[in-house]
Each structure stands twice: as C-alpha cells, then as structure tokens.
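First up is the structure itself, then whatever we jot down about it.
Chain naming follows the written order as A, B, C and D, and within any one chain the residues start at number 1.
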Amino acid sequence: MKIDLNCDMGESFGHYTLGSDEAIMPFISSANIACGYHAGDPLVMMRTVTLAAKHNVGVGAHPGYPDLQGFGRRSLELSAEEIEAMVLYQVSALAGFAKAASTELVHVKPHGALYNQAATDNPIARAVARGVAKFSKNLILVGLAGSALVAAGVVEGLRVANEAFPDRAYNFDGTLMPRQQPGAVFENVELVVNNAARLATQGISSGNMQVKVDTLCLHGDNPIAPALAKAVWTALAERGIDVMGLAKVL
Amino acid sequence: MKIDLNCDMGESFGHYTLGSDEAIMPFISSANIACGYHAGDPLVMMRTVTLAAKHNVGVGAHPGYPDLQGFGRRSLELSAEEIEAMVLYQVSALAGFAKAASTELVHVKPHGALYNQAATDNPIARAVARGVAKFSKNLILVGLAGSALVAAGVVEGLRVANEAFPDRAYNFDGTLMPRQQPGAVFENVELVVNNAARLATQGISSGNMQVKVDTLCLHGDNPIAPALAKAVWTALAERGIDVMGLAKVL
Amino acid sequence: MKIDLNCDMGESFGHYTLGSDEAIMPFISSANIACGYHAGDPLVMMRTVTLAAKHNVGVGAHPGYPDLQGFGRRSLELSAEEIEAMVLYQVSALAGFAKAASTELVHVKPHGALYNQAATDNPIARAVARGVAKFSKNLILVGLAGSALVAAGVVEGLRVANEAFPDRAYNFDGTLMPRQQPGAVFENVELVVNNAARLATQGISSGNMQVKVDTLCLHGDNPIAPALAKAVWTALAERGIDVMGLAKVL
Amino acid sequence: MKIDLNCDMGESFGHYTLGSDEAIMPFISSANIACGYHAGDPLVMMRTVTLAAKHNVGVGAHPGYPDLQGFGRRSLELSAEEIEAMVLYQVSALAGFAKAASTELVHVKPHGALYNQAATDNPIARAVARGVAKFSKNLILVGLAGSALVAAGVVEGLRVANEAFPDRAYNFDGTLMPRQQPGAVFENVELVVNNAARLATQGISSGNMQVKVDTLCLHGDNPIAPALAKAVWTALAERGIDVMGLAKVL
C-alpha cells in the first residue's frame, strides 16, 4: 500500500506571510506551489521550491486565477484559450524555479475556483489539461478523484492522479462542499486521520464507480496544520501505508 | 558583415492593443517579448511567440518591473534577490510559451527602467544576469553596448550581445538620453537608417573603447515603426550587411 | 421631449490609450468615467473629469470588477459585501476628482459584467445600489431599462435612470445580447440613429411593461464612435428631442 | 500637555491578515488607514473605518505607492503629477468609507517610501500636499517633524502635524534609519515608553531647530504592538500628558 500526501505551499506574498511551510514540509511527499497569480511571488516561489527540494518533496505547480484579493477562490469567467495560456504561463514560471534549484517539476494541480470548476466543467478541464500538456506530457495532472479534470488529463495524454480530501466534507455528487459552509472543513484530528487511512486503502466513490485514490490533500493554512500533517503521516505509517511521491505512487 | 535587428514585441495587454507586431515582424531577426509584468499577458505571449516562430525570428524574453501602469519605465527599488527572482520568473514563463510553440528561447533583454539601471549599476546588472543564468547558461544576454549589464553577463558565464539604438540620442557617458527629453527619439527615417549602417559597420564608442555592435534596436511603439523597420532592413541589405539572428551574429 | 446621452470615458490606462474622449465629449451629456479597477488610473481620471467639466458634461462613476486584464467584462463571483465595498470605493475615488475639479458627481453606472449581472441578479443589484447609497442618496443610479438594478436603486432611496442601447441587439428577455455574439453590436449609423430616436420617443418594452428611457448609451471604443455620437446628437435635435444631463431629464 | 498617538491600520488584504487592529485601537487617538494601493482592500477599509469610529479614533488616509508586493516600502519613480493624482485617489476613496460610517476624514499621512521621500524631496512633498489640498484644505497633513512634507503642507494651506517615532532610531540628519538596518526598530518597551514621554514633552531637534511634536507613531505590525501601545498610553497618562486626536492637539 502506498499513497502520496500533498499540501498547498508558497502562499505568502511580499510582506504577507501565510501557512507553515517549514513545519509541514517534513510530513508531505508533494508540494503544490503557488505561481504568483492567486498567491506567491517570485521570491516566495524560489524559496519554497528550494525548501521542497531539500526535503525531497515533489515540486508541483499550483496555478490559479489572477485574483490575489480573492485568493483564487472566486470564480472568474475566462475563455478556454485564456485558461490554457494562463495555466501554461504559471506552470512554466514554476518549472523555471525548479530548474534553477536543480530539480524537476513533477505535477500540476489547479487551485481553488479553477480546481472546482475543472472538476465538473469539461471545457475548463480540457483547457487546463491542454495548458499543462503544452508544457510537457511528462507532468502529472492532479484532480478531484473521478472528476472531469482527471478525464481531461487522460485525453491530453498526461499521467493523472486522483485526489481526495480527508479534512473536507463532500457533497452527494462527489464534489467538495464549499469551504464557507458550516461543517465543510474538519478540524478533529482523529476524524481526519481515519478518513486518510480509509481513503488510502479503500478509495472513494465517485458517481457509481469506486476510484483508487493516489494522493491525499492536507490543508496548510490553519494553525493545527503541521500537527495534523504529522498525525496523518504517522498514522499511515503505522498502518503499513507508505507515503511517497506521485511518480512512485502512479 | 552581419548584424541582428531586434524589436520589443507583445506589449498589448487584455483589451489594450499596442504596437504593430505583425507589420514589423518580417523586418527583424529578434523579438523581445514582454512577459506579463510591465506589459503582455499569457494570451498575448502565446500569440507573439507563435508569430515570431512563423517568421523565423529569434524569441527573446523581455522582463521588466512589475509596473503595468508605468509600463516598466519607472525605477523601482528592489533588492538584488528580488530582481534575480523576478527575472527568473519572467524568463521561465516566456520559455514555456516558446517550448509550447516548438521553438526555443534564444535571448533575454531587460526592459525600460530595469535595462537602464542595469546598464550602470553593478549589483542590479549582476542580479539580472544571475536570474538569466539560473534558467540557462545557453541564453544570450542583451545589454547596452559596453555596459555593466554586458560585463555582468560575461561574469555569469552567459553569451552577451552589445546593443545600440539607431533611433535614440545618447548622453556623453554612453547611456541613453531619457525618452521624455526633447530630441531623445529620432523620427527622421534617413537619419535612423544612416545611424543603423554606421553602428553596424563601425560599432560604437563606450567610455574610451570602441565596441562592436551585435544588435540594433528598433522601436515598435510609434506609427512609422513598420516603415522604419523596413527601411533599415533594406538599407542594410543594400550595403551588404546581412541581418540574421543573435545566435549567428555572435 | 428630452433625453440624456451617455458614453463610457476615461478607459485609458498608463501607457495604453483607448477611446476618443476628446472627440466624443462635445456630443454627450453624461460621462461614465472608469475608476481604476477595470480601466482608468488616477491621472486618466483627473484628466477625464476635467474634460467633462469643461464640456458641461455630467460626471459619473463607472465602477467595475477589479480585472484590468479582462476589462471588467468577465464575471467574477464576489460576495454582496465585497461588491458593496468595491462600488463605494470606486464611487468615492471618482467623487474626489470631481470635487478637485470644482464639480460634482452626478450619477453611477456599473460597468461590463457587473452591469449585466446587476440587471438580473437581485442580490448583486442590491449590493451595487447600497454601495452607491452609502456614499450619497443624491446620486442617480443608471441601469438597464426595467432591470433589477433600477428596482434596487429605488429600494435604496436613489434616483434612477432607465438606460437603452441604440447600437446593441437585445435578447427577447430584454437583456443585452453578449457583445462577442455576431450581430450584437450595430455599426450602421442610420440604424443606430433611428433606434436612438425611437427609444427616446417611445421607450422600450421590458417584460410586459413599456419603460420610458431616460438615457441612451453610445459606445466610445470603436473608430466610428465620434461620428456616431455626432450623428445621434444631430438627429435627435432635428426631431425636437433635447439632449440634456440626467439631473434635468429625470 | 497633550499629544496624539497614531498607528497604521487596515493593512490586511483579502485572505492575508496583518496587524492587531482590534487590540491596538483602544490605545491610540488616530488611525492611518491603508487605501488599497500598498495594503488594504475595500472590505478591509470599510471594517477598519467602522472600528476606528467605534473607538472614537480619528480616521486618516494612509496613501502609498501602488506596490502591494513591496508593501509600499520600495521607492518608485513617479512624476509629480502622478503622485498628486495617486494621493487624491486614495484620500478620496478612504473619505468615502468615512462618510459611509457617518464620520469624517481627519488627516492624511503618506506611507513607507512615499513618506520617506516626501520628508526630504521638495517636489514630491509638494505633490503629496497638493493631492491632499485638492480634496480638502480642512485635512491635517502628517509628516516627519520638521520635514519638507510639513513645510509643503503649510505652503498648500493645510494644517500640519509634526510626527516623531519613539520606537525608531534616527539618522543624524533627522531622517529615519531604514528599517532593514540592525537597531533601526526598538523593541524594548521601557525605552520606547521613555522616548514617547520625552518626545511629547520636549519635542525633537530637526536641523538646528527644536520642533514641537504633535503626534507619536506606534507600529502595529509586530506581536508586541498591542502591549506597547497600552504601555505608552498608560505611561503618558501617568505623567499628565493627555492623549487626544489631532484636531484637538493642534
């Protein structure tokens, strides 16, 4: 049994600090690094890629809408061509920092509203996947397990990873419950740990299928995030589930 | 005799159109393409790289300060580390579009205030050169002929190109006269053409040295730009000076 | 018979020039001036307000989404509170330039996607109207004739103006046909002039009501805009319809 | 004996939180509220103005350079006209939120690099003062005690307040030591408290003059800021120095 643990990283911006990247990095195997559109700036990207490389954590691009004020969580109505170009831009920028740190870009996971829209909207999913594939077909596209984004990645010739969220509530249709809804984000460590173990071993149901989960997302933007990451990492190890990077899990 | 002709390209942004890229592209050998900081956006970058590739024009990154309102022409006081990261970010982003268009990034030329500061300020010049070299030592760094930027490129192990401006007045110290000064920009075609031929054949004096000029910059943001580019291209050909890309000129 | 003629103005940004403000200003009675979010910058606002005042044209704020790249034409999913604050911010900023030019802010008309969403979405319409009313209940809120925005203005205690578009095609439900659809924007001067006269004299049907039209919108962002504005102005005068500012029309 | 205590407020942005506004507000008499250029956004401005009004704290605009990434601390080379328009824009926007909260804008204090440049550069100082005066000559302009900005305010017919910094080291020429220099920011509470009392009672020397200090600045962006504000407030009260708003101090 093996699974990847991913977390959003590099979400600070200029004078503004967000997240606990240094504390969480030891307990994940993949980092989704913001690319300067919804969060992050060149200096933050440089430091975060370097930090990930130091911890042998897989470097991923985390492209989002150009909306720093809304942290990429507000839907923005772009054309497919705009989405494709915007994804290619952000992926390329992050890949450059990986190159400069003598490592390689492994995966791409869209952020926030773009992630959610790409989970159910085929043209958006296809545009995201095309933007990634235009940079390199060797990249792994991470999407909600069983979603339109994962399907689009396959169509574009990318390797894909099905993702699940042990600390988030799901709607009946398999989409994530919006985070502003009460009860959408779990903060009970035991509950999250048990969800993580279950998702890693049993997968998740999506539509009328059971989908194998390749990677679990841990949230980094709350005070207990480092403790939670450590607890999940430890619990998975105790149950004989190896945490390793996406390239080895797939 | 051979020389490169370069022009700033891809300076439109969203709904705002600037320049005459399609009309000028046939008469240059290198395009300095804006990277989304002082001008340009992902869609404009994608289209401009494609246009350059179609015309066999060398694709270059044209990084500038993050100041769309000032078009990158206003000095901004960044740390060396910020400049290095900002250059690496923009170069990487443009290189991604080149990759997607099945071509390669050839050169990097900083824009506006960053170009001018890097011409005389050693720490800034070094930071720019480091940002470029971290992406790839195969890139050609373009700077004002005989400037601190060219010297910094050599120190960082890059190939360098000395640039001159046939349509701009120079100060006695070899720096460019600021464009808001009267007489700083020449609009007489014959004068510009003769300057171009002279610079291509005789080089330019910088300090107490005579420097061979590798590339001539033509400005793209005025109505006569396409006519001017054609006139320079033609005049050089008539005098037996071959216009070709930077990689062949150096 | 009397009617107001309005046009979007001040849409340049930094180095980017858009529109023909000086040529159009003589032929309108109200200017909707961009406030720095989807277009415009402080210097452009200062100059445009001064130009409007010089021509005795009513000064209005034209708030939009914070999306310069999309020119405010891409829907962005904001909370009602965010919209209210964003409108208040932009209206206040423009009112300051009016104050500095010894004139007064007369009206507010939302721009692009915000205008279209506020035409049919009640919570958005209410949020826009609240943002305006919080600045001053003396302002006139301009919305699509018979729309949710006009109704919301009334609820918030504002004076309202019903607007129609002589150069745009309408959907059957009274909303504007999206401008990217073929045929959505009329460029035949005679057609536009006749539409203008008809709308000014007969009003427009909205739902099962006939609504009196208080103001006609002329578009400023195409080459024939000044000629069109002059033609409409002249044609209305010839038919005995007086063009005058919103305060006098209502 | 009386003195004003001011603090920068409303420096959060979207998802990014900065400062301890609620904890500090009880211990100051003037709030310098960011206006959306170097920090702050419309929602943050609305909430901060409301918070200040609730605590009877004087509402001030805190305009800065349009440089969120650099938090307005990086010098940017603007023309005098750009500075004037940019200050007027930000002051107007904040005044609108004050109006909406049924209070009034009392003062304006430029932020960061703009503050520092306006302290010694006459054309910049004049441009700032003009931007303020164009909005209203009733506003109080706050500048470094004895600086060019204070002088420019007087020339433009504004009331002015001389400011000193009990938690900052000064250069011999009376300018502030740049905050990145070691020892530039004091964190010893007793030292800061004693400085505050001394500055309030004896003023500060600027050039060869002794200048009466009207307002003391407390920094809000460090963890001990609330404790420090309370300690200064208490110490001043114990020494019979009344803390009150700028309008009453001048």
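Before moving on, here are some points about what is shown:
Definition applied: a residue touches a chain if its C-beta (ideal position, glycine included) is under 8 Å from a C-beta of that chain, and two chains touch if they have at least 3 such contacts.
Because the structure is a prediction, the values reported are computed rather than measured.
Steps from chain B to chain D, taking the shortest chain of touch contacts, total 1. Overlaying chain A onto chain D using CA atoms gives a rotation of 180 degrees, to the nearest 5. Chain geometry summary: the mean Cα position of chain A and that of chain C are 42 Å apart.
Chain C and chain D have CA centres that are 37 Å apart.
Of all residues in chain C, those that touch two or more other chains are 41, 69-70.
A complete topology is adopted by the chain contact network, contact being made between every pair of chains. Residues of chain C touching chain D in their complex: 36, 41-43, 45-46, 81-82, 85-86, 88-97, 99-100, 134-136.
Across the complex, chain B is touched by residues 13-16, 18, 39, 41, 68-71, 73 of chain C. Those residues of chain B lying in contact with chain D across their complex are 66-67, 69-70, 74-78, 113.
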